[in-house]
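Given below, in the form of C-alpha cells, are the structures.
Below are two complexes that have chain A in common, paired first with chain B and then with chain C.
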Partner chain A sequence: MTGTPPDDVDVATRRPSLGAGLLWLAPLGFLAIFFFYPLAAILVASFARSLAGPLAPWADLFARPSFPRVVGFTLAQALASTALTLMLGLPAAYLVGRHTFRGRSLLLALTAVPFVMPTVVVAAAFTALLGPRGWVNVALMEMLHLEAPPIAFVHTLTAILVAHVFYNTTIVVRLVGDFWSHLDPRQTEAAQVLGASRAHAWRTVTLPLLLPAIAAASALVFLFDFTSFGVILLLGGPRFSTLEVEIYTQTVGLLNLPIAATLALIQLACTLALSGVYTALARRVNRPLTLQPAHLAQQPLAGARQRWLAAAVVVALSVFLLAPLGALALRSVTRLDPERGQTSLPAPAITLAYYRALGENPRQSIFHAAPATAIGVSLTYAAITVVLSLALGMPAAWMLARRPDDFLSRLVDPLLLLPLGTSAVTLGLGFTLALAAPPLDLRTSPVLIPLAHTLVAFPFVVRSLLPPLRSLQPRLRQAASVLGAAPARVFRTIELPLIARALLLASAFSFTISLGEFGATTILARPEFPTLPVAIYRYLSRPGALNYGQALAMSTILMIVCAAAMLALEKLRFGEQGEF
Partner chain B sequence: MKLASAIGLAAAALVAACARTPAGPPVLTVMTHDSFAASEPVIQAFEQQTGAKLQFLPSGDAGTALNRAILARQHPLADVFYGVDNTFLSRALDEDIFEVYDSPALAAIPGEFQLDPTHRALPVDFGDVCLNYDKSFFDSRGLPVPGRLEDLTDPRYRGLLVVENPATSSPGLAFLLTTIGHFGEDGYLDYWRALRQNDVLVVNDWEAAYNEEFSGASAVGTRPLVVSYGSSPPFEVLYAEPPVSEPSTGAITADDMCFRQIEFVGILKGTTRRSLAEQWIDFMLSVTFQEDMPLQMFVFPVNPEAKLDPVFEQFMAVPTHPAQVEAQAIATHRDEWIEAWTEVVLR
Partner chain C sequence: MSSDLAAAPPGNPRGTSQGLRLIDVVRTFGLTVAVGGVSFDVAPHETVALLGPSGCGKSTLLSLIAGLLEPDSGEITWEGRSLAGVPPHRRGFGLMFQDLALFPHLDVFANVAYGLKTHRESFPDDPSIRQRVEELLEWVGLRGYGSRNVQTLSGGEQQRVALARALAPRPHLLMLDEPLGALDRVLRERLLDELAHWLTQLQQTAVYVTHDQEEAFALAQRVVVLQAGQVAQIGTPADIYQRPASVFVARFLGMTNIIDAEGRLNGVPLPPDLRALFPSAPHGHVLLRSDAARLGSGDGARLRGRLEQASFHGPTFRCVLAIGDLRLTFDLPADSPLPPAGGEITLTLDPARAVQNLP
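Let's look at the complex of A and B:
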C-alpha cells in the first residue's frame, strides 16, 4: 500500500475536504433561489387553481387526442434537428478546429450571429428568401416561366428543421471546434503510420477523443430544439405544436394554469431524463488527454482535398446561416415598392431612411428606444450575465470534474441542464410569484433580467468547461500538489491557463444568450431599459412600412453588435494562445 | 467566485432597494401589456399636476400581463392595471383583482363601453378587429370587396384570406368571435369548414399575417385580405416610407364583420396609493390622455370629446354594428370554442 497512487486515480477525489465542498455553495444557492424556488412556486400555485384537485389536469391532458401527437412531434423534430445540426456543424468544427485560413475569425464570429436573432425577424428573413413571393421563388418563376412558386417553405417541417440548424450550428462549431483544436494530432498520425486507413484512424482514435465535446454540444442543441418556441410558432405555423408552444398557449391564450403546469412538469421530466442519460454517458467517454496549444494542431489548408472540403463547408454555412442574415440586412436598406401586389423582384431602391428614423421620436413616445440606448442596455445585461454565469459555472464545473463521485456531484450533474428545459413564460411567472414577496422582494427590479439570462447561460458555461477540465492529465496536478502547491495555487497555475480558452468560449455563449433572449425579458422588462430584441419587437408589432423597416434596421444593428463582440473575443483568444 | 456571486447578489438587492426607495416623490406603478405607449408631454402633465412619479411596468402580451397580475395578488406588483380587454374581462372580475372605483370621469363615457356595472374595470379605449384589404388587388381585378362574411366562402375569393390562430393571437380570437356573433354557436363551425374549403390561410400571430402574408402591407405577401384592425389603414399613411397621401389598404366595416375590443383599467387590490391611483384613472379618461392615445397605441378614445388626428379622421373606419358576443359568454366558452375551432380548421 505504499508508493505512488496509480495514474488514473485522482488524488483529490480520495481526499474529501470540506473547504472544496463549499464551492458548491454559490452555484447551488443560486439555482435554489432563482430557479427551483420560483419554479416550485408557480407549479404549486398553478395546481392549487385546479378546482377538481391536482390530479384533474393530468386526467384532462391524457384524455386529449392531441397530447401524444404533441409529445411525439416535440421529440421527433428535436432529434431530427439535432442530427442535421451535427451534419453541418461537425465538418465546420473540423475546419475551424484543425485549420487556419484567411477569414477564419470572421467566419467563426458570423456563425454566432443567428444565435442572437429574434425569431420574428428570422421568420421575416426566411419569408423574404423563400416565401411564395420571396426572392428565390420569384427568380425561379421568371427563369423557368412558371405560373406558381416552385418552392413551398414557410409553414413546413423543413422550415422548422432548417431554422433549428440556422440557430444552433454555432453551438457545435464552437464547442467541438474548440476541443478539436487542442487534440494532439500526433495520436491520429501515429495510428495512420501504424497502417490504419484514414477512416479507421478517425473512427478509432479521433472520434472517441472528441466524444465528450460532441456529447455536450448535442445535449445542448437537443434541449434548445426540444423547447423550441418561436421557430415552431412562426415558421412551422399553427399546424405544428410542441410542448413549449402548448405551455404558452394554455398559459397566455386560455389562462389554464393547471394544464400549463402539468405540461411544464412533463417537459421538465423529459429534460431530466435526457440530462441523466447524457451525464452518465459523459462520465464514461471522458479520458485524460494531453491537450495541446491550438497552434500545434492547426495547419494551413494543404492539398486539393482539404481545399475542396473547406470550400464545401463555407458554402454550406453561407447557404444555411449567412443567406438569411444577408436577406435581412438587404431588406433593411431596401425601400418597399409602393406599387405593391406585383410579382417581380423588388426594385433595387436603396435607402437609409429606416436607420435615420431610428434616432427620431416624432410622436414623443415615452418608450422610444434610441439605438444607442438599446445597444447600451443589451451590452450591460450581457456583461452582467457573463460575469454571473462564469462566477457560478466555474466552481460547479470544477467540482464535477474533480470530484465526479461525490454524492453531491452525482446528484447535481443532471439537474444543471434543467433551466434549459423550462419555458420562459413559466419562469417569468414564477419570478413574479416567488421573488416579489419577502424574504426576497425584487418585484420590479431590472436585475431580474440578467438573473433570468444567467439561468440559461449557466448550463452552457458548465458544459463548455467540463470537457477540457475532465481531460486534464491528473499527473500534472498531482505533481504540483506533491511539490507543495495548495489547491488554489494548482488551479491558478495549472488548470486556469489550460481552460483559458474554454472560459472565453463560455463567455461567448453567455454573452450571445443574453443578447438574444426575448421570452423572459419581455415579461420582466422595464421600459426605461429596453434591450435590442425588445426594441425590435416594439416596431414589428405596429402597422406601417416605416415601422417594419425600422424593425429590420434594428435587427441589422443587433447582428453587427453581435459579430463585433465575437470578433473582439476572438482577438482576446489570440492573445491567450501563448499561455496554452 | 463565491465572493463574486455574493457581490452580485448584494448588488442585485441594492439595485432592487434603490428602485423602490421611499425618498423623493411618491411613485405610482402602472402595470400594462407591452403595447402600451404614451407621449412624454402627457405623462409630464400628470406628474406635474400631482407631484407624483409614474412607473410603467409592461409585462408581456395582454394574456401574460393579466396572468402576472392575478398571480401576484398577494403582493401586488403595481397600483393600477391597464389593458384587460372584453375577452378577458370576466376572468379579471372573477379573480377579483380590482377595487371598486366609481370615477366621476365615467359620466362622459357612453354606456355602451361600460361593461362592468360594479365599476371595478373602467373602459379606456376601443379598437375594432376588421378585415383589411389590398386596394390595388381588388381594383386591378375589378373584384368587389367582400361585404358580408358569407362572401368569403365564395369561390371568387378562394385563397385570398389570411387569419390569425385564435389560440395564440388576440385579433385571431376577435375574428373567431365575429363569426360566432354572426352565425351563432350552432353555425360558426360550418362556416369555418367552408372557409377551410376555400383555402383560408392560418398563421399564429398578427405580425406574420400582416407583415409577411398580406399583400397590402409588404412586398412578399400574397393574400389581399387579412384580419387586422380598423385603425390599420391610417397607419399605412402615418408610418409610410416613402411618404404617401393615401393608404394602400382599406378596412371592411360592414355590419357584423368586425369585433370590438374594449380595453379597461382598474385599481389593483392592495395598493397603498389609492388616491393617486384614482387621479391617474381620471387622467386616463380625460381629453388630454384620450387625444394622445390614438397615435401612440392605435386605438380609439372612449371619451367622445376627444378629437382625432386629421389623418385618422380621413382614413379610419369605425363599424356602426360590430358583431356582438357577451363578455360572460366569452369567459365561459372561450376554451371550448377555441378547441372546437382548432379541430375543424387545423387538424
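Let's look at the complex of A and C:
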C-alpha cells in the first residue's frame, strides 16, 4: 500500500492529545507577555494622544504625498536587497554545502561576522573604506592627484543595498548551505543519468528540493531589509526614508506618536501579510526527504573547474566581507586626524593608543565601561539568549512540524515571524512602557535585555529548525516508538540528534543576534552594564578623534569576539552522534 | 542460536482469547475506507500472512495493530485485553518496516540495542544489553558488525540489522511489512528461507504483510487474503490454494480459467462438449483448475485443441490451449515433452479435481 495515507501518518497525529498541546504554552505565553502586550500598550497609548480621534492619523497619513513613496521604497529596496543577497549567497551555500575544502569553517565564520555588527559599526566600516576620507578614495586621490574624492558611495542607494547584502549573506549561506549538505546527491545524479543536463537537473530536482530552505532564508532576509533602520539612516542619508525611519523620525524627531503608531501598524500588517504568504508557501513545498549525513554529500573539490569556481566564490566573498571590516580594523590602529592642539595633519601612523585608552577612565564616569566588562556582559546576555530562544523555539518548531494542521499551528505559524518585522523603536518604547510598571516591573531586572534579544532570535530558531524537522522521515519516529520509546525518548534519541546541526545553526544565530542587537539594548541597558554595541555607540556619540578611534577599537574587539565564538561553535560536535 | 531466543514470549496462558484478535476493525481516511470491518486472529506461536494487492489495506492494518493508528470502530485485543488507547511504545510489539527505517545516526550496535534501552540509558555499561545485542548479531550472521555505520551496509545486511533490532526486545508479536520487497531475487529467496526458519525456531507470534503469494505460502501457517479493505478468505496456504473462496482470490492467485454463470470465459461461450463437463452448473462461477490436466488421452474428460503457446516453468509447462475462440491455460507436468506450438494436442482432465465452484 504505497502512497496511501498511513505512510504519511505520524505517531503524534494518532489522536489529539492535550499533553502535546501544552508545548505551545511557553512560546505563546512568551510572545503574549513580551511581544503583544508591550506592542498593544504602546499602540493604545499612542492613539490615545490623537486629539481628533483614533482615525484622524490615518486620514492625515494617506493625505500625505510622501506616504506611498515611503511604502514603495521600503518594499522595493527590501526586494532588491533580498535578490542580491540570494545571488551572492547561493553560490557560497553550494560551496559550503556540497564541498569540503580547507578554510571552510573560516569562511562560514567570516560570513557570520557582519551579521553581529551593530549598524553604527557597519556604517563606520563602509565609510572607512569608501567614504570621502575612506581608504579607497584617499588612495585614488593620492595616486591620480585628484582634488575631490572620485567615488561617491555614502548616501546612495548602492550603499544601502551593499550594506544589506553584507549583513544578510550569512543567512542564505547558513540556512541553504546546511540544508544542501543533507540532500541526497544521488537524486540529482539520478536526474543526470536520466538524461537531464546539469542545468536541467538543478532546475527540476535540486532547486525544488532546496526551496523550503531558500524560502525560509529569503523570508528572513526580506524582513530584516524591510525593517532596516540604521543602514538606511546612516548610509542612505536624508534622501531615503523607509517605514522604520519614518516611525523613528515621527517618534523621536517630531513627537507625533499617533502617526508613528499608525505607521507601525502598517508595517506590522505588511509583515503579517508576508508571513502569511511565506508560511502557506512553506507548507506546500516541504516534503519528507531522506536527509543524509553531511559527509555523504560533501565532496572534496575535484578538477580545475570546481577549484576555480570555489576560488572565485571564496575570493569574492572574502573581499566583499573583509574589505570594510579590514578598513575598520586598520583605521582602529591608525592615527589620521590631528591631536587636539596640533595644527597640521600628521603623517598616518600605526598606534595602539585607542586600545590603550579603552581601559582608562580619566573622568570616573559611570558611563565608562572597560572592554572586559562589555565583553563579559555581551557574552552573558548572548548565552542567556541562546538558552531562552532554544527553549522557546524548539517546542514551537516541533509542534509546527508535527501538527501542521492543528488549529493553533495554523494560527500561530504566521505570527511567529512578526517580532522580526516589527519596528524596534516601537517595541523598545513598548517595553519601557509595559514592563516598567506592575504587574511586570522588569525595568531593573538584568533579564530584560536577553528577553528582548530572544524576541528577535526566536523566529530565527523556529525557521532554522523547521525544515530539518519537517524533512525527518516519519518512519524513523514510528520505528523508535514501536521499539518501546516514549515520545520524549523518541525526541531525545532520534529527532534531536538528527537535527543537531540545525540546533547548532540556531544557536549560532541566537548568539550573534544577541551580540549585535543595538536598537532595543540601547533603550534598555543600564549604564554600568553596557553591551559591546552600546559601548561602541557611546564612544561614537562623543566628539573627537580619540573617541572615534576608541569606537573603532571596540568594534574591532566585537568583531574578534564574534569570529572566535563562531569558530568555536563550528568545531562543536554533539556527543558521539556523528556529523549531523 | 541461543536457548534464550527460542524461548516463547512470556505470559501466554492457555485460555479462550490468547494472541491477537481483531474484531470488526474499521479505519477510514476521509472518504476512503482503508479497512472496512476486518476480523481475524493470530494464535500464539503462529505466523499469519496478510496477503493482497496494493491498496487492499494490509499496511493500514499493520499500523492499527502497532498502534501507529487508532481504529474508527471495532476492537483489537491482545491476550484478551483491549489495546484501545495503548500507545505504540507500550504494546511490546515489534515492527519491521518495508523501508527498514534504520536510524542513520546510530551504528549497527546502537540500532539493535535501541529497543533494549527503554527504561534506562544503561548502555553501554549494561553487560546484559551488550550480550543480547551480540547474541542477535551473531545469530543473523553479522558478528563483528556492531560498530559499522548502517548506511554503509548492503541491502541484505541492513535487512538483517532491521530484523535483529525488531527481535531484540523479545516482542510479543512481530510484524513484518513486506520485508523482502526491495531485494534481488537470489537474496530474497535465501532470506525467505531464513525467515521461515527463524520464525519457526523462535516460535514467534508474527504477522507478515505481503503482496506475494509465494512468500505468504512459504512463511505462514495461515493466510488472510484481503480485498479492498475486507477479508476475502482465511485459511491455511493449502486451503487457499486448493479451494479459493471467490473469483477475486482465484484471480489474485493467478488462476485464469474462470467461467461465469452464463457459461462464458472472458466473454467467449464454451463449446457444448465442454459445457457437458459441468453437469451441475451452479449459479456462480466455475473454476477450471490449470493443474488438473495431463498430456495425452487416458481416463477422464478429453480436451482437443491447438497448442497456441507454451512456456517452461521448471516442474511444469504453462500452455495456452485454443479451442475455437476460447483460450484455456494449463500447467502440464514437464516430464513428457510437448509437441511444437501450433500443433493439435489432446489433454485429459481429472474431473474430480478439475472443476471447482466459486461462490
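FYI, the second predicted complex is superposed on the first by the 541 of 580 C-alpha atoms of A that agree within 3 Å, B and C clash if a C-alpha of one lies under 4 Å from a C-alpha of the other, contacts with A are read in each partner's own complex, and residues count from 1 in each chain.
Everything that follows uses one rule, which is that contacts are C-beta pairs under 8 Å (C-beta built on N, C-alpha and C of every residue); 3 or more make two chains touch, one makes a residue touch a chain.
Please read all numbers here as calculations on a predicted model, not as lab measurements.
Novice: Tell me the contact category for A:498 with respect to chain B and chain C: first, second, both or neither.
Specialist: Second partner only, chain C.
Novice: Return first, second, both or neither, reflecting whether A:42 touches chain B, chain C, both chains, or no partner chain.
Specialist: Only chain B; A:42 stays clear of chain C.
Novice: Once the shared chain is lined up, is A:143 touching chain B (first), chain C (second), both, or neither of them?
Specialist: In the superposed model, A:143 contacts neither chain B nor chain C.
Novice: Of the two partners chain B and chain C, indicate the one touching more residues belonging to chain A.
Specialist: B
Novice: One more residue to check, A:199. First (chain B), second (chain C), both or neither?
Specialist: In the superposition, A:199 contacts neither chain B nor chain C.
Novice: In the overlaid three-chain picture, which partner chain does A:128 touch, first (chain B) or second (chain C), both, or neither?
Specialist: Once the two structures are laid over each other on A, A:128 reaches chain B alone.
Novice: In the overlaid three-chain picture, which partner chain does A:239 touch, first (chain B) or second (chain C), both, or neither?
Specialist: After superposing on A, A:239 lies in contact with chain B but is clear of chain C.
Novice: For chain A, which residues count as touching chain C in their complex?
Specialist: These residues of chain A touch chain C: 1-2, 4-7, 9, 11, 14-15, 292-293, 296, 473, 475-476, 478-487, 489-490, 493-494, 497-498, 577-578, 580.
Novice: Would you tell me which residues of chain A are touching chain B in their complex?
Specialist: Listed in rising order, the residues of chain A that touch chain B are 22-23, 25-26, 29-30, 42, 45, 66, 120, 123-124, 127-128, 131-134, 154-155, 233-234, 237-239, 248-249, 251-257, 335-341, 346, 351, 353-354, 357, 363-367, 384, 387-388, 391-392, 394-395, 425, 428-429, 432-433, 436-437, 441-447, 451, 522-523, 525-527, 537-538, 540-549.
Novice: Can you tell me which positions in chain B touch chain A when the two form their complex?
Specialist: Counting only chain B, the residues touching chain A are 1-2, 4-6, 8, 11-13, 15-16, 19-20, 29, 34-41, 43, 55-61, 63-64, 66-68, 71-72, 74-75, 77-78, 88, 91, 134, 136-137, 140, 165-168, 173, 202-208, 210-212, 215-222, 224, 228-229, 232, 235-236, 238-242, 244, 248, 295-296, 298, 334-335, 338, 346-347.
Novice: Going by the contact rule at the top, pick out the chain C residues touching chain A in the complex.
Specialist: 29, 32, 34, 54-60, 63, 66-70, 87-95, 97, 99, 101, 103-105, 114-115, 118, 151, 165-166, 169
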